[in-house]
């Protein structure tokens, strides 16, 4: 049964297209592998917290004063500082903070006095949705462009694709965002200018936090349409450098695989040209691309900061900028930790997908 | 080739869905009012003391008194009437009958007492106004409709500070108090008020989204507005340019209160939006640290006062959307001497003053810094204009962009306070005390408002007398004398009194502006059909 | 003998490089009849692989056919290069066994998936059953299990058996083997040859067997064509060729074979490079009995007997006499 | 004639080299070649936001300053920051990478763990936090970007050193008694130099872009310093009427970064024979 569910469906010889489902993996070994990787995440996370904590406390500014109000007396300010535990020695503050984290409490934001974890988790899906769909778009377009360029090697299409990818890495995304806004929402009026959803239309019920998926789950096509429209421009802007990177790596990956012997054998025994390239050659050259997807995920979280500001996207990028501007210590630390954890998990997922693609690695797990 | 066909077909489907969505979206239910005012990080009216929280105080809560109209008049709101004892220490307020909170419970004097005590005990922003004036234990309920306050010292502007205290519902708050936080964590995302609009906690997301629903049995009734707004959606737009573009496109109905002047022409030209211009009470000034050489020398301060191109900035850069404000009290308020016209932009006079200062040994060769508020473009433009004028006088100036938390914290002590920085002082309560009183009285040193560290015993005497005096005409005389001295000392460089600029879409009707709350009062607003 | 299944007559193929055109195949002739196993033997770089690719129609776009034709069941394969029909023929009518089993299987897919892909053209359960029968025929245990596993889970010999089974499962008319045993150790080599010989007899499929090893050729082929630098210098029945080689190159080649009794003589000089091939007979620079005429005009193929062909007018002359002169 | 051969055969590299040389020339000789230097700083409110004309080829900005001269002067800032950041992060990154690659064992694990920590936090948020903590100035931008960019060098150096250190000739050197320092400096470094140079060239383009984003978010160089990112940020309020104010700085960023990317790519193809053979 496991083979059927997870294993590769044994190809029947009818004309039906067979589908490669995720190949079977020993269940026990996978769980053990993930546990080991998660444990290895802890030391780098601890380093991360230490680094950010030191950086933030090295600064003279003190948000409590502005919180205490215009003519708050020094005593009032001191009393507030005590309440937030900011008067204790730094090492003690750090110790308390780490202990709290272990209990899942990232502390309260100094301004809204609400748990930072709650605020971040409220805004996290917006950024994750933006980045995930940007990566999906980038993977789809990047891999297609890269493969076409490699197949028509040194031909006109190859040169065009190379020119486009090099430019994609050179363009400032915030500049493109501004231009897209001007053209598509102000002049052509096709796409909404800002925000994640339309005010007038009731948002789909919160299930995954991803508006596109939630609206599909709620079978609400209009909501899906609205969410898709709002997502379009930020997604495309964020995807541009990712498309360029993925196309370049796919191209060199496919070029390398085309040299391999099994490609000659495959064409000698009559594989269809398209299937040979798009299934058999591509799957072999994807391992490099998947590594890039992991790295890109981290880079895009940073890149999203400017995009979220321009398109008024309520993600953690704009939350982080706000927190930094107002020296909301706990909020900045909270964002850093959450991004660190996401980055770690994404790398683990990348390695697991990598094993699926390249069976020889499976023995390693 | 088959592969490429697949790609094109999937993209086509996505576009189709997009278009389908857009067609239906436009016919969606009648669009609610979308207000792009910036949201405060917390909805608790007793926790913050800045412009964004005023939108919540005006719409979700009520106070004993409230400012209405422009120029603002203090009118009784929850309170019916008030009496003051002869020595000005005991104040009694009588509240109207039949007042209801959002949860339906009746409002009594005890709730008023609870609200004042909560605000004072929390010791956050708004409580600073009552420092040394009112203690929590001196607020008592005489009967279920009368509250008595006993002040520590006579405080003339006490009545004008009443709108700062929102009356909250103890029954809702006490249930959610967590380890002595006065229920602040819960109230930061909920509503315990009695105001014309209720907060919808389900859809509230901090700094991102707040939906308000009309409270039908608000005590002031709704006959003043035939088609009141059932729903108001507050959607702050972080980026100023995106905010204006959203207005032009009709995605939002109103921008925030700080509309950049460059955008005014563009909105006026557009066919679906306009700019409402209302003179408010908000002074824009260059603050000089009078304790830090060379600014401790009056001639240096006068030299700089003559070196700023007031008309160039007000008329050209800000396109005449502001009025020259010669001194520390905003135009239109009482207490301003009639004969003072303000320092003129005159480089010869400036040079003469600087030479006098050099003669007295002031060190004018050192490069000094102008600190600006990076995210507020106007402060940067003013600083750059000032810098190019001062370099003509041979003075070396460096512009340092900063942020509000950094500068307001540094302003607490004379040695860390910036030597020259630029900001606004807004209306929190309509009384000269809010400006000249709290800016130049040495007892307020340590607050950013008094970060000029101006020290003149005679001015202290005048201001303290004015604070205690109950008769407004006598207070006006005292403030005028103090005003003349401070002006002659050129303690700061007062530039203009703001005209409040807010972009509004053409379908908005009934927008009424008052300096306190800067016009975000949804009670009176309705939509043209 | 009926008409040959596969006829390569007077075939010349150049492969253009940016600088010069490499004349890889120069007027080669090969025939394969139904049920017959024909061997092609020659040193590496004599154009064997290019010839196979020409038959299969998978030469790169830079390959140009200067002369001659390739007929398969009377149809010219040259015109079909790059067409869907050529691919169909490769998929159904011609089986191919590659040289290096380690590299010829795609590491990222299961064996079943790849074999299925190469048999996509055949419909119905027939091919699947045939493949299982073939897998048993090549002595691979548990055929269903084999299809689930990945290439790296098999030894070299097992992989070659898989490839042989794949080639034969389509019931091809012609089986092309490109040095199928070269990459294997000696013991596995003989096993594989044994399997191929059995299956060839059993299925009666015509086979074109390419190798550089005369011993292997002799053990499996009915007729043999010797190639040197893109030219087919001699064709003869296997035993005749070994016992009575005619073309000087074949004779010297046989002398090189370590198995021969009297001493071991290498062939002086280098193999002719296709980039600037010597005129006329390309073996002339290294041929002990070459005369001026040999390098001026390309020798015409002569037929000392109906089943033999040799492209050297001086094939009767004894090598030793010329060597002393 | 290595360079001639490299350039002639690789046209893209040629374009890249030309762009880079042009940018450096403009960067160095900025103040002298600008038509009139103080037009870039002097606020001239009367003719603010003028379209491109004979006197101001790229029009004027919102304070009446000449956009063209500000772009030219901005080049020095952008390139200066990029070169210093790349140099600083190269020195730090390569040292960490080489030592980690060569030593192996616990030290290498710790060093690489630290590198991962810096890589875990997205570069921009770390740079934003640093830029905000220290008063915004060029020094801040340099420190912020170097602290967040060195891990990329560390990773490249680590991979290359590991590859070379396992090479036989390093063991041979060790056996004839060469000290570790000598091996690292005279043998390992020259061998990993090509990969580092390629990473540096592409890095410069990347740093220019990131610095532009920092300035765009208002945390870069303080006014009135001419800066491309700041120009694009300030220009936003005046779009689409004052299109030139936003367009030209964007193009300037694009051309310079494109130059470095093309040059970097060409260098990598030239340096890495494996790819050269396949193209």
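By letter and in written order, the chains are A, B, C and D; residue numbering begins at 1 in each of them.
Basically, a contact is a pair of C-beta atoms (placed from the backbone, for glycine too) under 8 Å apart; a residue touches a chain by one contact, two chains touch by 3 or more.
These numbers come from a predicted model, not from an experiment.
Engineer: Check A-D against A-C and say which one is joined by more contacting C-beta pairs.
Structural biologist: Most C-beta pairs in contact, of the two: A-D.
Engineer: In terms of Cα-based centroids, which chain occupies the most central position?
Structural biologist: Ranked by how close its C-alpha centre lies to the overall one, first comes A.
Engineer: Please name the chain that ends up farthest from chain A once chain centres are defined by their CA atoms averaged.
Structural biologist: It is C.
Engineer: Averaged over CA atoms, how far is the centre of chain C from the centre of chain D? Could you give it in whole Å?
Structural biologist: 57
Engineer: Per the centroid of Cα atoms for each chain, what is the distance between chain A and chain D, given in Å?
Structural biologist: That pair's centroid distance is 24 Å.
Engineer: Measuring from the mean C-alpha position of chain A to the mean C-alpha position of chain C, what distance in angstrom results?
Structural biologist: 54
Engineer: How big is the gap, in whole Å, between where the Cα atoms of chain B centre and where those of chain C centre?
Structural biologist: Taking the mean C-alpha position of each chain, the two centres sit 91 Å apart.
Engineer: Which residues does chain B have that touch at least 2 chains other than itself?
Structural biologist: Residues 239, 375, 403 of chain B each touch two or more of the other chains.
Engineer: At least two other chains touched by the same residue of chain C: list those residues.
Structural biologist: Answer for chain C, listing residues that touch two or more other chains: there are none.
Engineer: Give me the residues of chain A that touch two or more other chains.
Structural biologist: Residues 186, 309, 325 of chain A each touch two or more of the other chains.
Engineer: What's the complete list of touching chain pairs for this entry?
Structural biologist: After working through each pair, the chains in contact turn out to be A-B, A-C, A-D, B-D.
Engineer: Touching residues of chain D toward chain A in the complex: what are they?
Structural biologist: 12, 113-114, 116-125, 128-130, 132-133, 205, 209, 212-213, 216-217, 229, 232, 236, 239-240, 246, 250, 253-255, 257-258, 261-262, 265, 275, 278-279
Engineer: Contact residues on chain A for chain C in the complex?
Structural biologist: My answer: residues 3, 7-8, 10-15, 18, 20, 23, 260-262, 264-273, 275, 280, 283-284, 357-360.
Engineer: Across the complex, what residues on chain A touch chain D?
Structural biologist: Going by the criterion above, the answer is residues 43-45, 47-48, 51-52, 55-56, 58-59, 153-154, 162, 166-167, 169-172, 174-175, 178-179, 182, 186-187, 252, 255-256, 259, 298-299, 301-303, 305-306, 309, 317, 320-321, 324-325, 332, 335-336, 339-340, 343-344.
Engineer: With touch defined as at the start, can you tell me which chain B residues reach chain A in the complex?
Structural biologist: Interface residues on chain B, with respect to chain A: 1-4, 7, 14, 17-22, 24-25, 28-32, 34, 41-42, 44, 47, 49, 123-129, 131, 181, 184-185, 188-189, 203, 205-209, 233, 235, 237-239, 242, 245-246, 248-249, 251, 375, 403-406, 408-410, 412, 416, 428, 438, 444, 446-450.
Engineer: For the complex, give me every residue of chain D touching chain B.
Structural biologist: Residues in contact with chain B: 41-43, 45-46, 62-63, 132, 135-136, 218-219, 222-224, 234, 236-239, 241.
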